[in-house]
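Notes for the one structure printed next.
Labels for the chains are A, B, C and D, by order of writing; each one numbers its residues from 1.
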């Protein structure tokens, strides 16, 4: 695999209010923006960069309070600031029509961006996400926050649930190594504070009603063993939209890009490549 | 509904080693023993007593370290002590053929009991359980233990995941009341210590291979939105057994007896009542 | 197994208009009426009689144009005549509160009976049935009728689709014997004419809207490999009702009573036995 | 949409034994060969040509006894002749590495080709297909043959089952028009004879054991409402292979390319475009 250093890329900081947004772009072509899940960062996508940037301008972004973007210390915010920051980046890069992919938290921001700035969104790709933070999901968020007093506790509470038992078991060596990497990170107070603010920022998210007016061509991908955003949450999205396709990855957990990378890449590359409107003849 | 006080019941403590096992029996007929999930107790079954004891001798038992049975303070034990304690109760009550129902942790003990004392088990009913503590489930157990430093944290980590999002949302008022009841209980150090010992006692459980020799007539019930013991774990049980039936409750979480009580009761009452061997004619 | 001759039963013909309805009753207790699928008859239930009549008054009925009831030669009718005939039997037997079970075609009639005479129906049990004859199902009916020119053709078109591939394969010897029994029956012009009239009688069935006013306590059972009335058709029923429970039998075809007899019996016996209204405490 | 006449294509007849194989090629790039289901032909793919030939050399082939290829009148053959014919075309076109897609019958031939000539197959794409003709599927084939005495009967028996009820209902106007087109075709004795020979040619197909030695990178796509090759048949394929990904289209019937064309195109375009081997980091 090519390493990031072999690739032709641009890494910039885009100023937004008093903050900086970390943005990376790779390759040329139609823009494909990927929005991270809550504990991810632009680095999470390294294994996908080569394929996604071959014919597209791949744009990776760290949300505020995530990765190499500014921390929002002491700020009480909701996801609308991420929507605004995303729009700021899109204007800054002078993009006109983007394909917008979001997973989990990133999917929630993607939905809100598409609702607010539909004219910029060519296609919307939603993986393992939801139209609202249900009371149940809110309580899961509370559990994450309450586990944040130690790195080990935060790991145990947030990480196993994002994988399917069978993936976790089959990749136990990788899992154990990753645990060793993550616990020190999760023990860092600044990191954990930003995670908790991100968790809080999704607390009041609810676009179930507004979804009905979204006309953007949309792909919704579910994993059948997703314990954070279970299939029924995506069915709710699908039932609200007109221009939508839905597919389910069997025996796969919440982190579909790692559990089913071939399907993840195939669906992304294929859905944005597909151009012709199909008509029954 | 009849309250426990209206029912003809016997509540006894059965001595076992240095401990006491809390046992309740209701009604007359073929014995039906129910084994609790980890955070349950005999009290959890109050809404089921009337139906289950009408034509059966219903026997409810608190595991050691659970409910009104003795705490196993300072003891390092695994589930075999619960199997032994259960056998002790069965001998004490002079039972010969029982129908044995277990949910979650109780299902694990039920499997081990049926493997060791198959001659006592007429039928085996397994709800939301597993043939082994996978590395994934072990880590979930760690998360629970690490969340045990406060009642609120233990609640947030252990309770929402046992319900489906839709049940949680539809019964939010009941959920909020229950939260108020549970947090003080979960704040009690003795209670939490016993929960943690119970969690530990399942850590090395693995009967995947031995299951193949079980001949007992068995019913396996899955919930499709079970985030603790997902459907694939029950498929593993089903694929190992010869004399087994499998059924799936849609849109239902781990605590199937509360989310789908009519189906729970129907399956129990019907499966133990069904007597004739079916033959295709 | 007990044979029908060992059982205490009553076999009567109930006059209805110019016709006779064949009725069999077994045992005593609350009435449980079972309505057949289209190619079934009272004889199809022989393996279930002992269990179902132990504590219930089991009542088996051949629809008009089915089994030992009168043929409706030259009559153009829809399912409302079966509803009327059923009501006639219920009045004749002086029944007041029945548990009503229907499978497939029988489920359609059961739904219509419960809508029209809800005061007679204690509980409704619907196996592998549908709220309407969709354009798709109508065309399947046409195929059956067009295959009726020979016994072999009718067999090949109507029988394999009612079983799951895995049941068909595992029970191939029984299947082959049954084929030998059925082909002569399917070659009988009178029999086939009545099948075709029964098929026609369901053509305009559509109770999707009316279902919403049904308050009867209902159990809906789906098979996940049902090629005649697939799971989505039962979801439509479930989504229309308030007082309903839904369960799915995995790896099972349309003829659930033969593919999953233990589950079939357990669900029936348990659902009618369950008496207490459950309340979350 | 572009019509076939607007596209740069080559239509040839490749001689094979005493027969001619109809072959069409579109565009340039890595070869993508598509193998038809039994009642399809190269014409079935017209709505897909533009997308599939944009960056690939799309190759459409009519099987012997299909579309514009020779009829195999009076010949008793099995699918191995189609495998041989396919290899003949590949050699004739001097292809070295192909992506091979098959749906239904075409998937069966694709599996057999990949087993016999794995060195030619870069990636294998299997939609709605099976590893064997089970006794159940064999009987379905008999039903089709027995319905072939009239166009209307053949239509009613073979066509509705390949669609999901919801697609059939939502597209009833298109369905009715298609019926008018198909019945005359199905009334043509030569056409029907060739369909029956094709059906017969699959009767003894069984590669369940051999599948285990297939190393080719494979995508398996299921539809959850597929009444001809239900999901469990694809699970059997998936469980036999090492280098395989599996995905399920919900609420979709056997003819997935028509019911879910966006997903069909996305999966094909994406799976053949994905180049980088993914490694967990």
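Keep in mind that, in the parts below, contacts are C-beta pairs under 8 Å (C-beta built on N, C-alpha and C of every residue); 3 or more make two chains touch, one makes a residue touch a chain.
All values reported here derive from a predicted model rather than from experimental measurement.
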Between the Cα centroids of chain B and chain C the separation in whole angstrom comes to 36
Can you work out the whole-Å distance between the CA centroids of chain A and chain C? 49
Where chain B touches two or more other chains simultaneously, the residues are 251
May I ask you to sort the chain touch graph into line, ring, star, complete or other? ring
Can you list every touching chain pair? A-B, A-D, B-C, C-D
Residues on chain A engaged by chain B in the complex (per definition of touch): 134-137, 139-140, 142-143, 146-147, 149-150, 152-153, 156-157, 159-161, 163-166, 168-169, 172, 175, 225, 227, 230, 232-233, 251
Could you list, by residue number, the parts of chain A that touch chain D in their complex? 1-2, 46-47, 50-51, 54, 171, 174, 219, 224, 245-251, 258, 260-263, 265-271, 273-281
